[in-house]
């Protein structure tokens, strides 16, 4: 691996990001033609990539990268092999066309620059994702695609539907991403392997590990969310709120394929088990059939395409689940065909929208004359999607049928699913390609016109590529699709690929597809109504479910939060004190560290008297019917404590306690009695009992723990030190004071900072009086806003 | 000297404590706030002053003696003031006097403009 | 002696907790004062209370003559007293100001920062 | 020079000369100084100083005497099982002049047990005195007039 | 037994008696504070408590030989005075407070009743 | 409140208390006392003065805002800790200077300076609190 | 004289004192000096901003110098008063302290600059900047001190300073919020003091290094568990961990935005610091018993925080809960089970081990040899640093947003994406950072925490981390959609007064460029750490190591112990 090619390969990853940074500037300087300049970035990247194609065809994996975060064991490393090459090709190629397309499609102004920035950002993220070797690096790019798509889907942010679509995509794919993260971390923690290359080199490491099942489920969750498998597909149709270039790019060729990429990538180490070949075909098959059915129900072209995308993704998942070399090969081909065709058709949809002002299939017709180029594009795209020869889609579909038919033991089911799905998709493709262009021109479409060259160039190129790829299928296969599929253990290239008819079940199934599709197309309106009827009868779908989930989440959160944070200080105190008391008791009992039974203390009578006065004072504080009595009793207690300190040989303490206590009580009485307050502490009986129990338990617990401690031997080294050096070095005869100003002077420094700040804080508290009406006003305002919302 | 000092101190201590007790009994027994002030401020002060005096006698530090004397002066200065301020404030704030009080010339003066018991020379103009 | 003090501390903590559980800020403030005292006593007792001579070094000597009380907890408690006094005064004034503006000292009625009628956040997008 | 300052200086000189810095020695020095000043009182115009000193001493002695008497009275009242009190407020129109003298008089009257300065009229001429035993206000007034007031008047004459 | 020994013994006995008397005094004062019934009564109780405590300090000072406790007594006297006069001041101004509350509307009857119950 | 008795006596009482507070402050290193207790006594003195003679009198007497004294106190304390750093000692190491003044020893030290800082903080802060509360109740 | 010298040699630290040691006290000194000077300069309000910003910049410089010193040469200590530890108070700085200190200084400076633009004359007059310095002084002291009682004192300095900031404005909300904040925090601080009392009663010492040594020799003693648990409760209150978090959502939204920003960044993190320092370092054998409780607390705290964030309609109250979720995430790192052998061995061998050469730490393959606890702890430290920066920035940004829309209610906000695109991007970066999405700073520590919990066989804890991140992602997306994307809702009442006159938004416009400077700096940090986390990651790892095998720390404190 030499440095130059390394750097060049890094450039592949970096170029889209570079383009992103320059996009706004380019638009400002060159207006819509600036998009051409930006399209050069992916084009350049593509060129660099193709330099490596020889090695890729030889199934040599090119590794490049550097230590990113050595302390986490994370490398910024990439792996260019057949699989990533194929995906990278799609991303860059379609990406470049989409960039051009957006130049024509997006309205003028700064928003175009911003849009292009996001598109390029997404392109970089996607490219990084498919090229990443290190698992963490992969995840970083994975999430980056979610973020970029959030911004893109919500691009028309002033519409609520766009915001909803963006949030939905982020929630679903982001949630899946977290599952993926868990899976990746689990892989690393259970095997110690941290890159795809390492995993590929030890393909059985995961399957034999004890964590296989959780890893598989987590990775699949990630892949399924991104690749819109039922019932997590809902975000995809809703993402159609995004501008059409976004749909053409993200929702045909790239983002939705990230999951497929992940499945293909992990197939060698996770695939081939019963679990794998059960889950994937089931989810994939259901997604295929349901997605295609729902596609037929739609009348908005973009939505029709979106649901067929869902169906296609289901088909891909099903194929990967089948997991035979043939199936994988078929998946690769289908992936390729689908990406080209779907991107083309989305762009066509955008072109129609742009030129005719609507995307509703029922309002469209007769545009062939007005928008001839678009019509051609539509035909090419639809033919590829429908699997008609001589387009690449046809080849793919042949392989699909070959693969499903040979799937064991579920061949019949998968084939049936594929047939139904393909037929439905064929019908939809026909609708998209035919309906808007033939028949009479509705009056509303008189002003329809062909669109800007930047708009139609993309689909046209894609359509032609679809054609060429099929015509030169051997080259295509050699270049792209063969390296993408994992090397067959048997070594033989089992797939025979050429543009021609394969006599056998595959052809029969293809014909059946076309026939069935044509019928459905013929009765499209009826079918739409029927499906709509079913949906109404079901009445509920994951899309509504999402709204319910979000609302429910907020409502549950609200209830939980209100319950946990009721806004009542006494509740807060109760919980806090209960935690403290519980901690003392539980740990003390748990560790059996209760004190031993103490002997009767020997006290002088006046010591008893002082303690007695404290007890009386304290009890009066709590029992007093009036708060004045309570305050003054507090003073009694304080004075007695001060006396106690004096009796115990703490004159400084006594000194301070006297002063502080008297001051506290005076201030308390002065301030408190100015207020009209409840004289007594009225609690309900039940509360009173519980709180008294808590109090007694607390007092007892804290005291017992103290007793347990004072029964232990005590190390007086520190105090001995103070006694020894208080006078001899610190020149002070009052050891306490020497501690305060010398031995532990820093405490005192903090203490005076507290006092100083208290003074300043009280000054602020007393002096600043806010204008009260404002506050009330704001509350009212808030409430009214809430009503508005409701 | 010390022996006599000790004996003197002992006597003063007991007297002081006795006065403190008298003050306590006084505020417990006397009928209203205004009469209790007498017990509190007078007997209480005398009690603490006597105890301090005893301490001054016993102490062999002259500085402490001086401080004890200063304290006594301070107590003598402050006791009447606090008693005066307390009583006056309570009266002004409207706390009633005991019904058993024999006269209130202040009230009398305010209501009638003159005081019966006082000789005319005593009455304010 | 320690046992007696421990018992005292237990009682003080019980009352403290009971007061702190009150709905009324003024009661809680009483609890705060008691809390400070209880904790200070705990700190004091934790340093053991065997010798009860004050930790002072008489003139002519360079170290204390006999066993003196543990000086360290005294210093700690002194610091703690000052700090808890500061906090007490602040909270007291805060309660006063709160009463002025919120017209209550019942924490159940002080629902300004976390109003009862807050309502759900927007449920849309 | 103020005779008191002179006396104090003499006491300090005594301290320095004897080299013993103690309270007792200071007081002793003060007394010695007073004695030496007393000898030359005519020459240095310290006659009034000594006269006033005598008055002050007499006031203090009277205060102690009065304090003892009335403390005993209060004690007897309080401890008497029958609790025979006849409290009341009487007024007293004093004759002293300066604020300081008023304050001093009030303080002394207030200090003695049994009497309490209740209020002072706005013109500060009349003291309202609460007495524990107010059965004979004129007797109380007489006691004050012949006791503290006379001595204060003499002192500041 | 010479004079010194006798005087020491005498002083000891006296101190014990004094302590007993003071303890009694403290307890009785506490009783008055408990009973009230008015704020001034309680303030007065605190005042007596303070002066009893001063006596207590002095006696303990003599008893333990740490006569420097006199300073604590002085400080207590100072701060006790401050407390008493500030209470006095408060009692004086409270009349005004009652008639026209500083903030808000006139005092409602129920609150007034509570306040009176308070005394 | 400001009756003649109190008014006349208050300045003397205040002076007496202030004197005592300084005494307590200065001898704190050797006997019970120190900056904190001294400061509390001094603040009590100022409070007594304020009650007898009014807030304005106190403000005039202090001249600067009380919180400034407190700030000065903290600065002094910090400075006392900082001085030894200049001399290459650890923070807050006590530096002592024993002056022989006419036979008696006068001890100056950073710990004393520190204690004076404590004193000022307490006096300043408590006076500031008292005065602001006083104002708020007047207004 | 020789005799005196002998005494001094026995009692005082006589080792060579290098001038860079003075750095240890500078943070506190700077704060106190500037706080005091600003308090004294009451007549010159115009001078407050320049003086304050100078002081804050100085503080940050001192913190950075200290960090550089510690990162280069290991822990450092200063014996206050020259008294030999454990007898005097020593300030001891290891990487953990220095790291927290530096970030605190950064947040402080950011808030200070923002405040210059946003705090009005009245706020200045009544001490905004002095309070700011006092809070920072308390925080710095808490990070620096090596003495447990002294730690309490710094807690209180910080607390009272925060009171001052909290009530600045005296609005009704503030009075209510401050009441709850005040009582609960006072209770927490007092519990801390009480526990110090118990701790002193057992060990007879207050020096943390000394306690660490002694507690290792008392291993298995039941009393220690109670003490450690009480410390845990006390610090959890400070850190606002569930179920002791009440005070935070009750108060953090009431003061000025810049104050919330400072609090959110700093105060709870001091609780975290104390948890690490005291519970992890002083009572390592006891951790086994409380590790599981910590794990539960962590999980519940995360959920309470992230659910709370979803439940709020006011942006600031929402952020309060985000702070709590962050605390829960940090706690995860403290909850994973320890590896006891290496840890307690380092301590029990006592003074000899203390001086043992610190072994080179293996970072090469990133799999720490000390197992999940080291990974988790470094994740916690990393996350704490991230959280300080991002939460400070978020509250500041919320202030700007509230000013620009005149409200902080999600019902009423809107339209900023169109009108203030750059600011919106800034806000978005912060939201993504707080949600823990890559490539922003919040992701990396989360990765470590997930790794640690999975390695420690606590999959449910890892799940909770991820779920909480998921919920926060939802909350962030909602904020962004509602407040930024959505057009400004039209209020029904056209006669509505101009929203800027509302309480809380009366301050002069923080929309001024000056207010954006700290915001940009903080956001750059979030991005920079997201893209290149190695520096902070390495520091966190080393800091965690120093905590878990504290020989260097102990050596720096007790290095010359007899």
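Letters A, B, C, D, E, F and G mark the chains in the order given here, with residues in each chain numbered from 1 onward.
Keep in mind that, in the parts below, contacts are C-beta pairs under 8 Å (C-beta built on N, C-alpha and C of every residue); 3 or more make two chains touch, one makes a residue touch a chain.
The shown structure was predicted, so the numbers you read here are calculated from the model rather than taken from an experiment.
Colleague: Comparing centres built from CA atoms, which chain ends up most distant from subunit E?
Modeller: Measuring from the centre of subunit E, the most distant chain centre belongs to A.
Colleague: Quick check: more C-beta contact pairs in A-E or D-F?
Modeller: A-E
Colleague: Any idea which chain sits dead centre by C-alpha averages?
Modeller: That would be chain G.
Colleague: Suppose chain centres are the mean of their C-alpha atoms. Which chain sits farthest from subunit D?
Modeller: A
Colleague: Taking each chain's centre as its mean C-alpha position, how far apart are subunit A and subunit C in Å?
Modeller: Averaging C-alpha atoms per chain gives centres 47 Å apart.
Colleague: Report the inter-centroid distance (CA atoms only) between subunit C and subunit D in whole Å.
Modeller: One centre to the other, that is 46 Å.
Colleague: In whole angstrom, what separates the CA-based centres of subunit D and subunit G?
Modeller: So the centroids are 66 Å from each other.
Colleague: Indicate the residues of subunit G shared as contacts by at least two other chains.
Modeller: 12, 32, 35-36, 39, 80-81, 91, 149, 153, 156, 160, 163, 167, 170, 172-174, 179-180, 183, 187, 194, 197-198, 201, 249-250, 310-313, 411, 478, 481, 486
Colleague: Show the residues in subunit E shared as contacts by 2 or more other chains, in ascending order.
Modeller: 19-20, 22, 26, 43, 45, 66, 68-69, 71-72, 74-75, 78-79, 81-82, 85-90, 92, 94, 102
Colleague: Got the subunit F residues that touch at least 2 other chains?
Modeller: In subunit F, 1, 3, 5-6, 9, 13, 20, 30-33, 36-37, 40-41, 44, 67, 70-71, 74, 78, 81, 91-92, 94, 129, 133, 137 touch at least two other chains.
Colleague: Tell me, which parts of subunit F touch subunit D in their complex?
Modeller: Listed in rising order, the residues are 3-5, 7-9, 104.
Colleague: What residues of subunit E sit close enough to touch subunit B in their complex?
Modeller: Residues 2-4, 6-8, 10-11, 13-15, 17-22, 24-26, 28-29, 31-32, 38, 40-41, 43-45, 47-48, 51-52, 54-55, 58-59, 61-62, 67-71, 73-74, 77-78, 81, 84-85, 87-92, 94-95 of subunit E touch subunit B in their complex.
Colleague: For the complex, give me every residue of subunit A touching subunit C.
Modeller: Against subunit C, subunit A makes touches at 160, 163-164, 167, 550-551, 554-555, 558, 565, 567-570, 573-574, 577, 581, 598-603, 607-608, 611, 614-615, 618-619, 621-622, 627, 630-631, 634, 637-638, 641, 644-645, 647-653, 656-657, 660, 663-664, 667-668, 671-672, 674-675, 677-678, 681, 683, 691-692, 694-696, 698-700, 702-704, 706-707, 709-710, 714, 716, 718-719, 722-724, 726-728, 733-736, 739-740, 743-744, 747-748, 751, 754-755, 758, 761-762, 765-766, 769-770, 772, 775, 779, 783, 786, 789-790.
Colleague: Taking the complex as given, what residues does subunit F use to touch subunit B?
Modeller: Its residues touching subunit B are 1, 3, 5-6, 9, 12-13, 16, 20.
Colleague: Which part of subunit A faces subunit G closely enough to touch in the complex?
Modeller: My answer: residues 68-74, 114, 136, 139-140, 143-144, 146-147, 150, 154, 157-158, 160, 162-163, 166-167, 170-171, 174-175, 178-179, 181-182, 185-186, 188-189, 192, 214, 550, 553-554, 556-558, 560-562, 564-565, 567, 569, 571-573, 575-577, 579-580, 583-584, 587-588, 590-593, 702, 705-706, 708-710, 712, 714-719, 721-722, 724-725, 728-729, 742-747, 749-751, 753-754, 756-758, 760-761, 763-765, 767-772, 774-778, 781-782, 784-786, 788-789.
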